[in-house]
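A short write-up of the structure that comes next.
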Amino acid sequence: MFSEEDTAFADEVRDFVHSNLDQDVRRRVICAQPVSLEEKRVWHATLARQGWAAPHWPVEWGGTGWSPAKNYLFVETLAEEGAPELSPFGLQLLAPVLIRYGTEQQKRSYLPKILSGEHRWCQGFSEPGAGSDLASLKTRAVLDGDQWVINGQKMWTTVAHAADMMFCLVRTDPDAPRPQMGISMLLIDMKNTPGVDVRPIMLLNGERTTNEVYFDNARVPAANLVGEVNEGWNYTRVVLGNERLNIARVGLCKRQLRHLEQVVGRSGLSGEGRKRIRRHIAGVALDLMSVEALSLRMLGRYQLGDAPGFEANFLKLKGAELQQRLTRLLVEATGPSALRLGADGEDSNLLKNHFDTRVVSIYGGSSEVQRNIVAKGMLGLTKPASTAVKGARA
Amino acid sequence: MIDTQDDVRRMLADGVDRLLEREYGFEQRDAMRKAMATGQGLDKSVLWPRLEELGIFMLAADKDAVQDPASLGHMSVVAEAMGRGLAIEPALPAMLGARLAALAGTAGVLADGQLAVVAPSILHGRESGFGAEAMDGGWRLSGQEDVWLGGDAAQILLLSARDMQGVPHLFAMPADQPGVTCTPYQLFDGRGAANVALNSVETNPAYLVAQGEALADAFERIELEASLLNACDAVGAMRGANALTLEQLQTRHQFGRPIGAFQALQHRMVDMSLVLELADALVAQAMVAACNGPDAGGWRLACGALVRTALSSRQIAEETVQMHGGMGLTEEYPAAHYFARLTSFELLYPAEEWTERFARLAPLDKAA
Amino acid sequence: MFSEEDTAFADEVRDFVHSNLDQDVRRRVICAQPVSLEEKRVWHATLARQGWAAPHWPVEWGGTGWSPAKNYLFVETLAEEGAPELSPFGLQLLAPVLIRYGTEQQKRSYLPKILSGEHRWCQGFSEPGAGSDLASLKTRAVLDGDQWVINGQKMWTTVAHAADMMFCLVRTDPDAPRPQMGISMLLIDMKNTPGVDVRPIMLLNGERTTNEVYFDNARVPAANLVGEVNEGWNYTRVVLGNERLNIARVGLCKRQLRHLEQVVGRSGLSGEGRKRIRRHIAGVALDLMSVEALSLRMLGRYQLGDAPGFEANFLKLKGAELQQRLTRLLVEATGPSALRLGADGEDSNLLKNHFDTRVVSIYGGSSEVQRNIVAKGMLGLTKPASTAVKGARA
Amino acid sequence: MIDTQDDVRRMLADGVDRLLEREYGFEQRDAMRKAMATGQGLDKSVLWPRLEELGIFMLAADKDAVQDPASLGHMSVVAEAMGRGLAIEPALPAMLGARLAALAGTAGVLADGQLAVVAPSILHGRESGFGAEAMDGGWRLSGQEDVWLGGDAAQILLLSARDMQGVPHLFAMPADQPGVTCTPYQLFDGRGAANVALNSVETNPAYLVAQGEALADAFERIELEASLLNACDAVGAMRGANALTLEQLQTRHQFGRPIGAFQALQHRMVDMSLVLELADALVAQAMVAACNGPDAGGWRLACGALVRTALSSRQIAEETVQMHGGMGLTEEYPAAHYFARLTSFELLYPAEEWTERFARLAPLDKAA
C-alpha cells in the first residue's frame, strides 16, 4: 500500500510533532483533557509555518500536492501522535467549496486567513427543525439592494461564540418545487454584523462548545453569496463529501488504544478483572484492524480513480463505534473513580469524556442517516446484479 | 416496581412522585446540581427536609422496620422515585446508613436526622481499607477508601476496620473528627461523593458501634440490600428515560414525519421497553426474596437482577442519547442526565463482574 | 406467587412424567433427538387417561378447572421434565375457538377426538404471499348449495401430511372494504376430501415437517363453517392470543440449560475454554431468570384480571432468543463434532438442532412482527402519559 | 477479494465462477449433496474433473508455486468461489494437502491428482493425536483424530506423529492401509468429513515424508494459510448470502410493499453489508501478509481476519435466515445452506478463542 518514501514521510511527521508540539498540550490531548482555543491556534500556526496547514489544497493556494496516500498518512499520523485537531470548518469544509465555486475576490480574501489560522470559521447548517433533515431548513435571506437580509435561527453551531466568520445555508426561494432547491450559501461576518445573536447551548459536560445563532434582519453584502443563488444544496454535498478518506479516524483510535493499554498496564487490576479488560482491549484492537484494512482499501481504490462509495459510510459508522468503545473501556479500566467530575488528575473526567464521545455517532450525518443512505443506494437507486446462487423459488 | 396492594407503599410512592414531579420540577432540581458544581456543596435546605418529612429515615432505621419485610419494599419505592426524578439528594445513602445501624442492633447510635454514610467496602463486600489499633480507652484508625456516595454531605462515617487480631469493628465516626480528611466532589451524574482518609485518628470509645464476626451478617445483608436499592434507582431512571424517548419519537419531526414513524427507531424503542420490563420484574422478585435475608437463593436472584439492570441501563442510556440527537447531549434536557445516572449504576455494578460472581455461586460441576 | 398446594402439585406432575413417560422417549426429548408421531400419540393418550390432556378447557369438555397458576406450572413442569410437546393445533389453537364460536354439533363432533388425540389437526393459515401478513390471504371459498368450494394454496402447513383435519382461513368476500374483512374459517377433512393435495416442503434438516397444501375445487359441507361467515379474522385473534402465559417456554429453557450444564460438566473442556463456556452459561441462566420473573409477573396480573399486554410480545421475543442461545451454546460446548449430521450419538445433529431452533423467531408471529405490534401500541394506539421529568425544551 | 491486477487470478476467478454459476447451477450441486446424504459418498465424476482442469492442484503443489507469493492468492480465489457457490467438493482440503507436501519439500510424494488430506491437529496447530514407534524398517502408528474435512474422499492422510523421543514425523498414509479406520460422514453444511483411527498400523518407510523440528515451520505456515483460506470460503459465502438477502428484500412483498421498504430490515441489511466488507478487506490484507510466511505481523493480521470473519459470519448467517422467514429454512433455497456453511466456519474458528490468542500475542504489559 505505502511506498518506502511514504513511511519515511510518516516518520518525519511523527518527529515533527514530537519536536514542535508543546509537551503538555500533547499530554492533555492524549488524556482527553481540555486544550484551549489559543493553544490550538499556536499549533495551527506551527503547521502553517511548515506549509502543512492545508496539504490537501491546490498548491497555488498553499497546498502541498501530496499523493492521497501521503495526505492520508499525514492526517492519521498527526492524530496518532496526539496533535490537537485543527478546526475543520475553514480548512476542510469551506475551502474546497470556495476554491471550486468562489469568486476570485472571495478566494483571495478568505483562503490565506484560513490557511494561517487568523480567521476562525463556523458552519451555519443545522436548525431546530433541520438536523439530520437539512433540506427542511427555514432561515430566510432576501436580497435588498446589494445586501442579503437574513432572518431565522441556526442551532448546534459549534464554536460560533469564538468564530470570526460563518458559512451559512439560507433559504432564498421558499417556493422552490423541492426543498433541496432554493437554498443558497452566504458568508457572514460574525464580529461586525448587527442582528446576529449567539447564545450558548450548554452540554452536560459543562462546556460551551455549541450555540444557537439568531438572525434578526442581519445584513451581509450581496458579494458574500457563494456561487450561484439557489444552488447552495449542491455545494453542501461538496462540504459533506470532504475528507472521507480519514473518516474512520484510525490514527485517533490507535492513540486511544495505546493510551488505554498503558493505563491498564500501570493499573492495579489483577485476576479476572485484568483478564476481562484485556479481552475487551484485544477485541477493539482486532476490530480496529479491520477498519484500517477497509480504510486502506478505500484509499487504494481512490488512488486508482474510484470515488469513495459505501465504504465511507461504513467507516463513519464503525469509526464512531470504535471511538465510543475505547473511551468506554478507559472508564471501565479505571473503575468508580472515573465517575468523578473535576480537573485534577488523569482519572477524573473520564466519564465526561466518554459522554462527549457519544456525539460522534450523531454529528456529521448520524449513524441512522448513514444507514439510510446506504440502504437507499443498495435497495433502490442502484440495482445490483445478484451474484448469489439462486434456488428454484427465486 | 413491586406488585403490591400495600397502602403505605402506594402512599409513599405518590408522595415522592408528587414531590419530585410537581413541587420541584426538573429545572429546580437541576439548579441544585449546578450550585453544587460551583463548590457550594449540597443545599440541604430545599428538598431534603421534605424527604425527611416523608419519613425516609424511619423507613430504614426503625427497629421494628428492620424486622418488617415491608420496609425494604418501602425503601425501594423511594430509590426508584429518586432515580426517575434524577434527584441528587443522598436519600439512598442516608437510608442505608440508618439501616446498617439498625441491622447492627444499634440504631440509637445515630441522632435523629443525622446523615450517616456507609463505607464503600461494606456496601460492595470488599476488604476494608481501614485498620484499627487498640489504645487506651479507644482505637487509633488509619486508612483510605474512595468514592463514598453521599460522602460529601455525611455527618457520620460508618466504617469497618479490623484490629490487629483481625476482628472486624464497626465505627460511627464523625466526619469532622480531627485526622479525618473527607474530600468532597461531584460525580458526572450530579450526585455528591467523597474520598475519605483517616490518618491515625484517635476515636472516642463511643464511636464503636459493634464488633466481632456477628457483623458479617449485617454486612452481607446491607450489601445485598444496597445493591438492589441501587438497582431500583436505575429502574426508575430507565423508566424516566424510556418515557422521555417515547415522547421524543412521538413529537419530534424529521423528513415530514414524527421520527417514531421510522421502523428502525420503533424497533429500538421496543427493545428499550423490553429490557426495562425484564429488569423491573427481576429486581422486584429479588427484592421480595431479599426480605428473607441474604441466603443463596436471594443472592442468585440478586445477581440476576444486577446483571440484567446493568445491561438494560447501558442499552437504555446509549439509546436515549442517540435517539435524542444533539438534544440528548445538552444540560437543560433530562436525556443526558439519565445517561449519566444509568452509566454510574452499571459501572458501580458491572454486569460481567456479577456474571462471574454468579458462575461461582452455581458451579457447573455440581450439576454434572 | 405460588401456594404450597401449587408447588406440591408441580411435584406431582414431575412424578407423573417420571413414572409414566417412556424413559427412552424422555431421553431423546432432552437430547433433542427425534420423537415419532406415534410416540407422541402414546404420550397424549397417557395424559388424556389422567384427565390432563387439555387442563385449560372448560370442565364440561374435559378441562380441569385449575387456577391460572396451576395451568402455568403444569405446562412448564412438563416441558422442564422432558415430556414431548403435544400438537397445539387442536388442543390449544382450534379448541378455544370452537368452544366459543362453534355449533353444538361441531363441539360434540370434534372436541372429544381432539382431547383423546384420535384426531390430528393442522392449521391452514399461511400462504405463499401471506405469511406475516395474514390478512392478504387469497385462498377462495364459494358457497355452492350446501358445500363450500375451495381453490387456492396454503403454505408452511405444519404436519399437514399426517393430519386428519385442518382448520383453514379462506376468503369468502373478495370485495370486502378491508382485507381483514371477508375471511372465514372452515374445517376440512384432510383424508377424505377430493381436490386436496399435500406436497412436502423439505427443510435443510432433511425432515418433512411442513407442507404446501393445494385446493382444486375441494368441497366441504356448509356445516363446516366456524361461527359466522366473513368473521374468521376475529376468531384468528382468539387463536393467536392463546396460551400467552407460557409463551416464553421457561420450562423448556430450564431443561435445555440443565442439559447444557451436564454436557459441559462431563466434557473434557478445560482452562480458558471451560471458563468461557461457563461465563456464557451463567449469562443465559441470568437472562432466563429475568424472563421467568416477567412471566410470573404476567401470570400474577392475569390472576388479578389483567389480560396479557406487551409482556406477551416481549416474552415471545426473548424466549425465542434464549432458546436459540441455548442450542447454540450446546454446539459451542461440543466443538467440531457438533457439525456432524447423523443419528448415532448425542453429539451428532447438534448443529441441525440449532438450525431448527431458528424457526422460533419466525413462526407464531416473527420477532419483527412482535416488535411492530408493540411499536404500534406504544407509539400510536395508546398515548401513554409521560412519567419522565421534562426539560425546558420539551 | 484481494484487489489485484493479476491476470491469472482474474481468469481463475472467471473460470470457477462460470463453472459454479452457469455450468453447474445450485440445483445440480445440491443434488450431489443429497446423493452424499444417502450414503453414496462424494460423486467425483461431475465437478471434480472440471476443478482439476482449472489447475487447483497445481496452484498449491507446484514447487515454484510455493515460492511464488501469488499462489496463495490464487488459492484464495478458488476458496472464495467454492464458498459463494456452496460447492461441497473438497477443493480446499485438496489444495492444502498438496501445499503441505510442497512446503515440506516433498511435493513429489503425491501422485498426480491424488487427494491428500491434512490432519486437523496440523491445520489447527494442536498436539497430534497420533504416536509413532520405530520398528524394523518402518514405524508402528496408533491414535485418533476426529473431523477431517474432506477425509471422506481422501486417498492419502497427511498426519503427524511424534516418536518416543518426541521428534515429529510427517507421514503420508494411504487411507486404505490395513489398520486405518476412516469413518466417513456428512456435515450439516453438506461437505464430507471423516474420523480417522490408527490401530497399530505398520507403515512402509516410504510413507515418511519428512521429520524433525524443521517441520514446525511447514506446520505453522500451513496452519496460517489454512485458516485464511477457510476465511476466504466464508467471505465467499457471506457475499452470496448478502446478495440473496438483498434480492429477497427487493422482490418479496408484504403488507403491500417490498419488505426492503421497511427501515428496520434496511438497517440490518446495511449492517450485514458493513460486516462483510470489513471481513473481506482484512482477510485480503492478512492474505498479502501471509505470503511472507507466518511472522508475528502475519499472525496478528490473521487473528484479526479470523475473528472478524467469524463474527461477521455469525451475524450474516442468522440474519439471512431470519430475513427470509420460512423460506430461509428450506432445502431447495440457498439461504439455509449459507447458514450452515457460515456456521461451520465460525465454529471451527471461534472468535473468542482467537481473540484470546491475539491477546497472548500482544501482551499489554509490553505496552506499559
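Per-chain residue numbering starts at 1, and chain names A, B, C and D are given in the order in which the chains are listed.
To be clear about the criterion, contacts are C-beta pairs under 8 Å (C-beta built on N, C-alpha and C of every residue); 3 or more make two chains touch, one makes a residue touch a chain.
Chains and their UniProt names: A, C = Pimeloyl-CoA dehydrogenase large subunit; B, D = Acyl-CoA dehydrogenase/oxidase C-terminal domain-containing protein.
These numbers come from a predicted model, not from an experiment.
Enquirer: Hey, how far apart are subunit A and subunit C in touch steps, shortest way?
Expert: The fewest touching-chain steps linking subunit A to subunit C number 2.
Enquirer: Which chain's mean C-alpha position is the greatest distance from subunit C's?
Expert: Between subunit C and every other chain, the largest centroid distance is to A.
Enquirer: Given the two chain pairs C-D and B-C, which is bridged by the higher number of C-beta pairs in contact?
Expert: B-C
Enquirer: Would you mind pulling out the distance in Å between where the CA atoms of subunit A average out and where those of subunit B do?
Expert: Distance between chain centres, rounded to whole Å: 39 Å.
Enquirer: Taking each chain's centre as its mean C-alpha position, how far apart are subunit B and subunit D in Å?
Expert: Subunit B and subunit D have C-alpha centres separated by 53 Å.
Enquirer: Spell out, as numbers or ranges, the residues of subunit B touching 2 or more other chains.
Expert: Only 262-267, 330, 332, 356 qualify.
Enquirer: Note the residues in subunit A that touch 2 or more other chains, in rising order.
Expert: Counting only residues that touch two or more other chains, subunit A contributes 368, 371.
Enquirer: Have a look at which chains touch which and call the overall pattern line, ring, star, complete or other.
Expert: Graph shape here is other: it fits none of the named patterns.
Enquirer: Would you pull the subunit B residues touching subunit C in the complex into a rising list?
Expert: 3, 20-21, 25-27, 29, 84-86, 239-244, 246-247, 249-250, 260, 263, 266-267, 269-271, 273-274, 277-279, 281-282, 284-285, 300-301, 303-305, 307-308, 327, 330, 332-334, 355-356, 358-359, 362, 364-365, 367-368
Enquirer: Under the definition above, what is the set of subunit D residues touching subunit B in their complex?
Expert: 262-267
Enquirer: Please output the residues of subunit B touching subunit A within their complex, sorted ascending.
Expert: 37, 120, 146-147, 185-189, 193, 253-256, 262, 264-265, 318, 321-322, 325-326, 328-332, 336-337, 339-340, 343-344, 347-348, 350, 352-353, 356
Enquirer: Where on subunit C does subunit B make contact in their complex?
Expert: It comes out as residues 258, 261-262, 264-266, 278-279, 281-283, 285-287, 289-291, 293-294, 296-297, 300-301, 310-311, 314, 317-318, 368, 371-372, 374-375, 378-379, 383-384, 386-394.
Enquirer: Can you list the subunit A residues touching subunit B in their complex?
Expert: Touch list, subunit A to subunit B: 126, 129, 131-133, 136, 155-156, 201-206, 210, 272-273, 276, 331-332, 335-342, 351-352, 354-355, 358-359, 361-363, 366-368, 371.
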